[in-house]
Amino acid sequence: MSLGINWVTTWVAKTVDVVSTNRLRLVDLDREIGDGDHGENLDRGFTAVATKFASLPDDSTPGAALKLVATTLISTVGGASGPLLGTAYLKGAQAVGDATELDSDAVVAFLTAARDGVVLRGKAEVGDKTMIDAWTPAVDAATAAAADGKSPVEVLRAAADAAAQGAVATEPLVAHKGRASYLGDRAIGHRDPGAESSSLILAAAADAADEVK
Amino acid sequence: MSLGINWVTTWVAKTVDVVSTNRLRLVDLDREIGDGDHGENLDRGFTAVATKFASLPDDSTPGAALKLVATTLISTVGGASGPLLGTAYLKGAQAVGDATELDSDAVVAFLTAARDGVVLRGKAEVGDKTMIDAWTPAVDAATAAAADGKSPVEVLRAAADAAAQGAVATEPLVAHKGRASYLGDRAIGHRDPGAESSSLILAAAADAADEVK
Amino acid sequence: MKKLINDPKNVVDESVAGFGLAHPDIVTVSADPLFVARAQGASQGKVGIVSGGGSGHEPLHAGFVGFGMLSAAVPGPVFTSPTPDPIVAATLASDGGAGVLHIVKNYTGDVLNFETAADLADAEGVRVVSVIVDDDVAVKDSLYTAGRRGVAGTVVVEKVAGAAAERGDDLDAVAAIATRANANTRSMGVALTSGTVPHAGEPSFVLPEDEIEIGIGIHGEPGRERIKLEPADGIVDRLLAPILEDLPFASGDKVLLFVNGMGGTPLVEQYIVYRHAAEVLAEKGIEVARSLVGSFVTSLEMQGVSLTVTRLDDELTELWDAPVETAALRWGR
Amino acid sequence: MKKLINDPKNVVDESVAGFGLAHPDIVTVSADPLFVARAQGASQGKVGIVSGGGSGHEPLHAGFVGFGMLSAAVPGPVFTSPTPDPIVAATLASDGGAGVLHIVKNYTGDVLNFETAADLADAEGVRVVSVIVDDDVAVKDSLYTAGRRGVAGTVVVEKVAGAAAERGDDLDAVAAIATRANANTRSMGVALTSGTVPHAGEPSFVLPEDEIEIGIGIHGEPGRERIKLEPADGIVDRLLAPILEDLPFASGDKVLLFVNGMGGTPLVEQYIVYRHAAEVLAEKGIEVARSLVGSFVTSLEMQGVSLTVTRLDDELTELWDAPVETAALRWGR
């Protein structure tokens, strides 16, 4: 079994929801080690995505829909997370190409290209206390699951679980990128807001796959 | 018995004391219906008077000493109370002339001229919720005491007591002069800081007379 | 009390000293008696203009000393009128032989101290004329009050009087212009929080977290009413209505619209206030011909704003536009 | 949260609209995409200069649009970099055929969004060069951080770059001047209180009544250390020492000394800070050749100040002195 355009639209709908529900929590996380706007930024972006998706052509490919997410995030989120997440969706969309159905390998290729996009723009490594600390474990887990012959749903669930752990694992870290890097040791004990939001987004991806499978 | 230069110097010393002790209380009264500087203003002024008095010639007349209080207050207090109280001492000093000893009538003449000086500059009437509400009852009581043949000490005590009652009696009033006049009904319930300080100054005058008599 | 100060007793002296150090091309500071005068000295043959009053309203007045505006400013202690001595000294230093105009905000202390100073300067042979600024519509002018307070409109009076003096008007003409500017100016302010007088150490008044004071004075004097915090547009309506009613301003008038920050309110909010005030005037057919936005007449770190509207005629407009070179207002050179 | 605003979501749009209404002779506002450009449009044959970033730092950047300084400014949401679209639009509107300089404060979001915008503008045929401002010595520049933050020194960079563009320098020369200004500029700030982001509704951080944050960022990012409130002179020493050490500044240097208010601190305190900073520089044989005092790079209603020192050479001095006509800085015309 594989994932098509209704996976993308369901993922977007669930992301809009989860970002809006977690808006203040993400603002709070960002206030602790950043500037207190991360939840607001993402909420503004995904609200705009929702509007765009309302008029998404029925015959869109997953790639075209994901590219629409990318350009909308880039032109509405701002801050650091806008170009970074936008590039993730953009590069991910390019990896998907014009396929109409994504199998496990395609899902892995999507996630890998998305993560590589973030690295390309932001130059962060694992352990720098950024969203990469959610994305890279997710990519690794997804790759392993696909190699084990798991279904796309299982691949995404593995990615989401690894991302969630990766987000938690940012707590003891000192930040080397982004605003939190100004804090030195005082970032220790706080979860990175971008890693947390990426983990929420990937959980939404797995939930969506579960729902449409 | 009569009052000489040592009454003036003792009065000044006691005023310096009582103003400094009541500085914050007067600031508080002024904060309620004015701008919170009255105690500070008077304290600055009488501290300067104390400095000037430290080098007062031994053969000064009461009039010369009182004129020194006047010019020092005028040039150090500022605000409304500076010119007003300064004029009180100035006109009072003029009424005293070059007498070396003041009897009861001279004390009454001094107080009357001082009060008239305040009215000349500030144009306030009794009931306007200003220092005049302390000064005019004081003058009236002093006049009556002198007419009864009371001693200068008794005349000043009568003035001080009447001033104290006058200050308390400003509480229910609406102000028609000075900063408190901007408040309309909201000045009701607050004692006028200038009436209060004038009553303290007149009490110091009576105490000083008591001490040197 | 959280302030960037040293000993509260030295706030004014140190701040004025810093002001002098920062603007040596524009002003010179006399430390004792304390006043601020133009670096270039009095302009021979031109009317001198002196203003002053309690400190805590910076940049008023020292920030307006310079070409095209004040000749000298006399800063008193915080919120307390200066005594006559420095006013006399500033007046003598500002006389270029054509007399000196005193611009005095209408507070009993200021009026009395400037009055005494004017008498003393007169006695020294310098002719002094005084103009009282009383633009605040929050306070009723009646026999039963000390009259309206002088607030942010003072900037307008000082600017046009300075320009008139600079073009060579004589003392009576400069005084007449200042009087006309004051007569055509109305203001009203709002406070969200109180300032704290340094030597008092406690806020001058306390506003609950959800209340604001409409009609506040620049010394924290209570205003017309205390109301619940509401959106900026509604607050602007409450300030503007009494201003417009009072003159009254009418459709077809050309005006200067001046949004003044009280010291603790940033520009981002002041422009939100400006936007709605401009909208309301436009609706009423009142043309905003000139504008000023910024913290020019403050009340220490008070959060809040005041609105000032001046009805402009051609001459007032020309005098407003004339070159000015001061620390706080500068254009045309 | 006590602010003069309407809906927190509209703070930036309404404030920028008010800004446009207040200064129609200087700027024009594009509402969508949101940017502020010179009323006169791009200067043909001259280099355009565009800056921008999150809002909440007013008058930065829109207050510096006008003759002799910026061609356009792009205000993002409060404390959030604008997206590439309005930056591209502002860049295209600022091109007079000689290319456009982007002046970008060193924050990941600003750098990334301006980078994308520069690529897109390049694709439209407009050559863009970017200069990153990173003057804040509170943050260590190392491989292990995002690098130093851009703070109040941005004003200096924008002023001299604008003057270079106005005199006709080409894009590389203007970029070189901006780079040199940045390289010679160091800043550090202190917060007494926090600002409150409107949509967050709560202060960005909480300082106890007797503590201050040394090395604060203009978005309320924590600084180097939290200490007990102390007299202004001691605080100035703590800010100035790292600044002077870092370049390092040396006896005989001529400098611009810039005391910047953070939004909620009134001028009276800023001049007390200026006084001691000038004293310290004088003691060290560093000549203060130029000065600036005022709230130019703010952090909403934060109480605090920052100090900026720029080492001046003859050319930088000449460019600083060159005429400028913007809403927030004006001299020489």
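Order of writing sets the chain letters: A, B, C and D. Residues in each chain are counted from 1.
FYI, a residue touches a chain if its C-beta (ideal position, glycine included) is under 8 Å from a C-beta of that chain, and two chains touch if they have at least 3 such contacts.
Computed from a prediction, not measured in an experiment: that's the story for all the values here.
Participant: Enter the minimum step count from chain A to chain B; a value of 1 means the two chains touch.
Facilitator: Between chain A and chain B, the shortest chain-hopping route counts 3.
Participant: Rounded to a whole Å, what is the gap between the Cα centroids of chain C and chain D?
Facilitator: 29
Participant: Per the centroid of Cα atoms for each chain, what is the distance between chain B and chain D, given in Å?
Facilitator: Distance between chain centres: 55 Å.
Participant: Starting from the mean Cα coordinates of chain B and chain C, work out the distance between those two points in Å.
Facilitator: The mean C-alpha positions of chain B and chain C differ by 33 Å.
Participant: Looking at which chains touch which, would you call it a line, ring, star, complete or other?
Facilitator: It is a line, because the chains touch in a row without closing up.
Participant: Report the complete set of touching chain pairs.
Facilitator: The complete list of chain pairs in contact reads A-D, B-C, C-D.
Participant: Quick check on the complex: what are the chain D residues that touch chain A?
Facilitator: Answer in residue numbers: 54, 76-85, 107-109, 112-113, 115-116, 138-140, 143-146, 149, 197, 199-200, 202, 204-205, 217, 219-222.
Participant: For chain B, which residues count as touching chain C in their complex?
Facilitator: Answer in residue numbers: 27, 31, 34-37, 40-41, 44, 74-84, 121-122, 174, 176-179, 181-184, 186.
Participant: Touching residues of chain D toward chain C in the complex: what are they?
Facilitator: 2-7, 11-12, 14-19, 21-23, 55-56, 58-59, 63, 190, 192-193, 209, 212, 229, 231-233, 235, 257, 259, 263-276, 278, 288, 291, 293, 295, 298, 300-301, 303-305, 325, 327, 330-333
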